[in-house]
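For reference, the structure is listed below as structure tokens.
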Amino acid sequence: MRLSTRNQLRATVQEVTEGSVMATVKLALGDGQTMTAAVTREAVADLGLAPGDAVTVLVKATEVMLGKE
Amino acid sequence: MRLSTRNQLRATVQEVTEGSVMATVKLALGDGQTMTAAVTREAVADLGLAPGDAVTVLVKATEVMLGKE
Amino acid sequence: MRLSTRNQLRATVQEVTEGSVMATVKLALGDGQTMTAAVTREAVADLGLAPGDAVTVLVKATEVMLGKE
Amino acid sequence: MRLSTRNQLRATVQEVTEGSVMATVKLALGDGQTMTAAVTREAVADLGLAPGDAVTVLVKATEVMLGKE
Amino acid sequence: MRLSTRNQLRATVQEVTEGSVMATVKLALGDGQTMTAAVTREAVADLGLAPGDAVTVLVKATEVMLGKE
Amino acid sequence: MRLSTRNQLRATVQEVTEGSVMATVKLALGDGQTMTAAVTREAVADLGLAPGDAVTVLVKATEVMLGKE
């Protein structure tokens, strides 16, 4: 399935922290920069997310903001 | 100002396409991966965004999704 | 690719309206209810979206609100 | 109050799972498709959400993504 | 209809700028602070939004970020 | 750093409620209206958010909806 989602970055799962209904997933990009995703705990279980997994980080273009010095 | 926003990536502006009220900004990350931001045209003017600009890409953790093969 | 995105609805494209950088896509669900997606014009071109297309509507769970009478 | 929110779907609450500050709500649409909303626990209490409730699912058009085979 | 949406602010429309498919709406809060909403052009037409209108600004709690000096 | 984020409101933290991975922050605007932010617990710790803190509330324009009677 091809997605309208403009941002699709290759990343590796570093750490998964599960809360009661939400979870946070730490991710490493190829250039060493890191990202954090807050998803439902159900999604983590559904995908079987664990450290070391190769994943695609997806972000809709309308959700991206920019900062400039 | 420190931000609650968990995702702050260094990037370079590649291209700015301005529409009537919105604009899209193409961005290059350090590892060659690209991103697209859809922001208001006013924001582009306000920051004076142009190709070559060093910017910070900001995405709230709750906006990040994951895909796994 | 399996997605963390909790909401994945089957729908049919009814109408595509392209603006300068954004586009709106009207969608019909199986029970006759309709939805609207605002995506980049580039995404519409990339997926070749046109009336009659069978698509999957994707919405992250954190983006869903509820109203009750 | 009329809303700018383009997506307003009729649904029935199937299950409410409350975490410490967030909650997930499982919803059934008329055609059998299901949705999940991640809202604050306070919102669940405020609306008194419980299985069987008729609700309106609200999603802003800019939050909708599309996938196509 | 009561909404799960945690942020509901009273505001007055100051200016509406319509693009091809999107529109931006400038808003004034009671304490003089201003806000901007980017909604579909269809939503502006549907609500008949015009300067001087009393409106409610709606923002889901998961969309709010914080900055601290 | 200047931000593309169109909505930047001055507010004061009233209450912080920490869950397992998420947290909600109650905020007071200058005109007495209140807001709620749902951010990661990590962000709360990172900014050291506590009642009485002067903060900037940040909301992307594409996340703002409007209601009209």
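We call the chains A, B, C, D, E and F, going by the order they appear; numbering starts again at 1 in every chain.
By our rule, a contact is a pair of C-beta atoms (placed from the backbone, for glycine too) under 8 Å apart; a residue touches a chain by one contact, two chains touch by 3 or more.
Here the structure is a predicted model, which means the values were calculated and not measured.
Peer 1: Chains shared as neighbours by chain B and chain F?
Peer 2: Expected: A, E.
Peer 1: What rotation angle superposes the Cα atoms of chain B onto chain C, in degrees to the nearest 5?
Peer 2: Copies differ by a rotation of 120 degrees.
Peer 1: How would you label the chain C and chain D contact, same or different, if same means the shared numbers make up over half of all numbers there?
Peer 2: The interface of chain C with chain D is built from mostly shared positions.
Peer 1: Based on mean C-alpha positions, I'd like to know which chain lies farthest from chain F.
Peer 2: It is C.
Peer 1: Quick one: point me to the chain whose Cα centre is farthest from that of chain E.
Peer 2: Farthest by centroid: A.
Peer 1: So using the touch definition from the top, which pair is joined by more C-beta contacts, E-F or D-E?
Peer 2: Comparing E-F with D-E, the pair joined by more C-beta contacts is E-F.
Peer 1: So the centre of each chain is just the mean of its C-alpha atoms; given that, what is the distance between chain B and chain E in Å?
Peer 2: 22
Peer 1: Using mean CA coordinates as chain centres, what's the gap between chain A and chain C in Å?
Peer 2: Roughly 21 Å separates the two chain centres.
Peer 1: Among the residues of chain D, which are close enough to touch at least two other chains?
Peer 2: In chain D, residues 1-6, 19-20, 22, 24, 36-40, 42-43, 47, 49, 56, 58, 60-63, 65-69 touch at least two other chains, as defined above.
Peer 1: How would one label the connectivity among the chains shown: line, ring, star, complete, or other?
Peer 2: Looks like something else, not a line, ring, star or complete graph.
Peer 1: Would you please name all pairs of chains that touch?
Peer 2: Per the contact definition above, the touching pairs are A-B, A-C, A-D, A-F, B-C, B-E, B-F, C-D, C-E, D-E, D-F, E-F.
Peer 1: What residues on chain F touch chain D, complex-wise?
Peer 2: 17-20, 22-24, 36, 38, 62-63, 65-69
Peer 1: Quick check: in the complex, which residue numbers of chain F touch chain B?
Peer 2: Where chain F meets chain B, its residues are 1-6, 37-40, 42-44, 46-47, 49, 56, 58, 61-62.
Peer 1: Would you tell me which residues of chain E are touching chain F in their complex?
Peer 2: Residue list for chain E touching chain F: 5-10, 24-25, 27, 29-33, 35-39, 43, 47-49, 53-69.
Peer 1: Hey, which residues of chain C end up touching chain B in the complex?
Peer 2: Within the complex, chain C touches chain B at residues 1-5, 19-22, 40, 42, 60, 62.
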